[in-house]
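Across the two complexes that follow, chain A remains constant while its partner is chain B and subsequently chain C.
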Partner chain A sequence: MDFGPHLMLATLEGAVIAAILVLTAMGLSIVFGVMRVVNVAHGEFYMLGAVLAWFVTSFLGGHPAIGFVAAILIAPLLVGLIAAAADQLVLKHIDYDPDRTIVGTIGILFIIQQTTLMTFGPEARPVAAPFNQRLALPWFEFTDNGFEMFWPWGLSITSYKLFVIAAALTVLVALWLFLTRTRIGLIMRATQQDSETAQAFGVPVGLVYSCVFGLGAALAALGAVLVVPIQQAHYLMGADPLLLSFIVVIIGGLGSLPGTVIAAILIGMSDGIISVFFSPTLAKIIATFLVAMVLVFRPQGLLGRTST
Partner chain B sequence: MLEVKNIHSGYGPVQVLFGVSLSVNASEILCLLGRNGAGKTTIMKSIMGLVPITRGSVSLEGQPLHSLPTHRVPRMGVGYIPQGRRLFPELTVSENIEMGLMVRNEGADTRDWVLDLFPRLKDRLRQQAGTLSGGEQQMLATARALCVRPKVLLLDEPTEGLQPSMIEQIRQVVVRMKQEGIAIVLVEQRVDAVLSIADKVTFVENGKDVQTIGAADLRDDPELLRSRLGV
Partner chain C sequence: MTRFSKADALHLGILAMLVIAFFVLPTYHVGAVSRIMVLAVYAIGLNLLFGYTGLLSLGHAMFFAAGMYGFGLAIKFMAAPVLLAFVLALIAAAALSLVVGLLALRTAGVAFMIVTLMFAQTAYLVVLYFGEFTRGDEGFVLQQAERLLLGFDVTSETGRYFVAFSVFAICFLGFARLVQTPFGKRLIAIRENEERARMLGYDVGRYKLLALIVSGTISGCAGALYALLFGYVGATFASVQYSILPLLWVLLGGAGTTIGPLIGVMFMFYLIDASSAYTNSYMLIAGLVLVLLTMFAPKGIAGILRLRVMPWLP
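And now, the complex of A and B:
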């Protein structure tokens, strides 16, 4: 394949990775922004989303689309509820202390991971995509005969991958509308900026925290449900998204949602492109190197604000 | 109306208040005076439930406040203007007001009433609160608290760092709220600004209320100010 079509293919693969990453990192960013909690268990909520998607689809059977629709509704909701319960049972009792919440969420990580191992088992299990047509993509080039369109062999994408990109965009827009246009969103933003004053204006901060923790986990689970027809559900699958989400959130600026989106696109795309042309390991090395550079030269992240 | 009886409170192991009692009635302005670190702001926070009370009681119209969860206190009708304004800086003016309105489900009429009190805010509704000038921020903090339609208004150093014309405007609003029947507790450093509008003055020293006196009596006895505050 020529370089042009090859790059286009890599870009599309990168866009799929970015789409999933943006949802997962957004969850992490919202939780940190509002609660100042570094949620080390975030990757496990992602994994739990994928595993629950497998349970739901294999329980329902029938056409893959039925199971998938059910999974995309049920899995994020269930994971959100589990996270909210974890918040009430653990984080609330350690007063959201920054150091102790890290240790606390590490504990949650192991509990979820090992419980999954005991119930779901160590196998990787596939979930069928609801639809999966291969779409050949055209390429345009100036040749001796002028502007020509042709169909390079191997330049294609599946309809499901396009759906993933579109779904992530939709969720992102919905999330933005939720945060900026609804009362609950307003309360969340107010709590993020000054939780004490929010309390003095009738905001039940404890309840808001549980909702935010649940929302963050649900976003990760949603990303996982979308990815599980491409990858497979496995009890250790949470580690990679956790690392990448942290990379994204640090580069974007802790707690800055626009920064998170930009960084997720940047990291997702470069991960996809570098993985296709070189190797996935090099992609991770470069991403980690980027984090180091950001921490040295712009510790608050791309769009983060320095605290005053 | 607001009754504070012998409250003890503090931050974790550090106790700040050692038995403070005060009371304020409807249409009355009570001013708390005292040196820095005497516990004035802690009294306000204890009333709001932001600092836990270990002993004593706070009640509003006979209803206990100290046993409520913190977020329920403002819903009983307590409006709070914290020290340093504490606006939600990245929310717009309009959203800050909305936060106030939500406390007791107030609607458009309260919003209009508050915006009529502070017409300057009308032109800035879509601006981020953090970008307002100091005076406008104080207006917004006051407006936000009034959106609660409070029975009691707690003002913690509302004139701190403001130009005289702004101070005058805030003062007028406070007097007007008094006329509307609100009970007002005011913490203020500027004694001259206080004496002209207060009805009662409570001196706070080392976490205790040491003396409560009518403002008129205090005006007649400037020597008392010197002995209590050293001014």
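And now, the complex of A and C:
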């Protein structure tokens, strides 16, 4: 393949990664924005979504589409409930103290991960995609005969990957409408701006926190259900999304939702493109180090407004 | 001065018990206690930074690994004698802590935790990336012949125990001394109220950097000691897990106490040992203990003892 078609393929792969990352990072960002705590167990909620999707699909059997639709409804809901329960049990008890929350969620991380290892096992397990047609893509080039269209070998995408991108966009729009147009969204934003005043106006802040924590985890789980037909479910799969989500949330400015979306697209696309052309480990080293440096020198994030 | 002599008596009593333990315990536990003492040195390193200065690093594995690889690579590729390799390991850990300190100490609170976590992750990936030299996850073994300390064999059960004991005793007593010095008191002042310490005219930034360098070097010392006594160097020791474990030990034993690290490591070691009869996912136990500690006992065992029974506890 020439460089041009190769780059287009990498860009498409990057768009799929970015679509998943937007959902996962949004979950982390909402939790940080409203509750002002860092959820280190976020990657495990992602992993839990993928594993539950496997359980649901293999339990239902039949056509892959039935299992997939069931999984996309059940897995995020269950993960959201588990997260809300963890919030009520643990985080509420330590009063959302930022330092202790980090240590506590590290504990939750290991509990979820090791419980999955004991029940689900150490194998990676696939989930069948509901539909998976291969779509060849055209490429345009100027030749001696003028502008020509041809179909390079290997330049293709599956219909499922296109669906992932569309689904992520839909969820994002729905989330935006939910936060800006509904009463619950208004209550969440009020809590984010000033939880004490919100409490004084009768907002049940404790309940809002649990819902937000559940919503954040459900978004991660949703991303995982979408990714699991492309990438298999495994009990250690939460580490990379956690790191990438951290990177996105920091670059986008802690707690800024539009910043998160822009950063997720940037990071996802470049991750896809870099790992096609360079060694993935080297790409990760550079990305991790650069983000740490951003946090050191521009703690408000590249797109953030004021420092916190 | 009774308070000081009581504390000194406690420290010397603990060391005496460790010597006696060698002669009365069965072989399996002698091996376990030598490992516990090495890991306790690591916990002491984190305790200085977290327990006394109030800076929570989530990336101490990079200092442990700096010591371990500094030692291991010096022996493997330079055929350095053990003492020289040990000194090189300490220099490597001190240099890394200086660089990390200069960068990471520009942040505070949650940002400091995440920055140290990411630096440690970078260090871990660097170890994997240079797999040609470090052998990555697989690691490499140091031969018995390469591990002669001044002609003294540290691979025997006795040699291992007493080398671990000597280094532990030096770090333990030195640390107990250090936190009583004006330097130690100033670190505690920074932990309690950084603004006030600054108002009183102390150069807070310099003390924090010094604390991080000493802490990182002690952790590196533990890493080198581990490589020397157990003859294995691997990337696992640079992973996130090895940044979390010392935090768990310090929290469990009691952050900001001199005896906390040893108690925490010993308690956790035998808890995992006992649970391994039922399950091999020992990190589940670690996770549970971590959550329960943050919820119900943020002061740890020694912290509770100090609060309830022994207010003089150092």
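Keep this in mind: the second predicted complex is superposed on the first by the 299 of 308 C-alpha atoms of A that agree within 3 Å, B and C clash if a C-alpha of one lies under 4 Å from a C-alpha of the other, contacts with A are read in each partner's own complex, and residues count from 1 in each chain.
Everything below uses one rule, namely that a residue touches a chain if its C-beta (ideal position, glycine included) is under 8 Å from a C-beta of that chain, and two chains touch if they have at least 3 such contacts.
Keep in mind that this is a model prediction, so the values were computed, not measured.
Look at chain A after the overlay: chain B and chain C fit there side by side. When the two complexes are superposed, the chain touching more residues of chain A, out of chain B and chain C, is C. When the two structures are aligned on the shared chain, A:277 is found in touch with neither chain B nor chain C. Contact with chain C, but none with chain B, is seen for A:111 once the two complexes are overlaid on the shared chain.
Legend: residue contacts after superposition of the two complexes on their common chain; A:288 is shown touching chain C, with no touch to chain B.
Of the two partner chains placed by the overlay, neither chain B nor chain C lies in contact with A:131. Once the two complexes are overlaid on the shared chain, A:201 sits against chain B while remaining clear of chain C.
Look at A:186: by the touch rule set out above, it reaches chain B but stays clear of chain C. After superposing the two complexes on their shared chain, the closest approach between C-alpha atoms of chain B and chain C is 16 Å. Residue overlap on chain A between the chain B contacts of one complex and the chain C contacts of the other is empty.
By the touch criterion stated above, chain A contacts chain B in their complex at residues 183, 186-187, 189-190, 193-194, 196-205.
Only residues 38, 90, 93-94, 98-100, 102-104, 106-111, 113-115, 117-118, 243, 246, 250, 279, 281-282, 284-285, 288-289, 291-293, 295-297, 299 of chain A touch chain C when the two sit together in their complex. Chain B contributes residues 48-50, 69-75, 80, 82, 86-91, 95, 98-100, 102-104, 144, 148 to its touches with chain A in the complex.
Contact residues on chain C toward chain A in their complex (touch as defined above): 56, 58, 103-104, 106-107, 109-111, 113-115, 118-119, 121-122, 125-126, 128-129, 244, 247, 251, 279, 281, 283-284, 286-295, 298.
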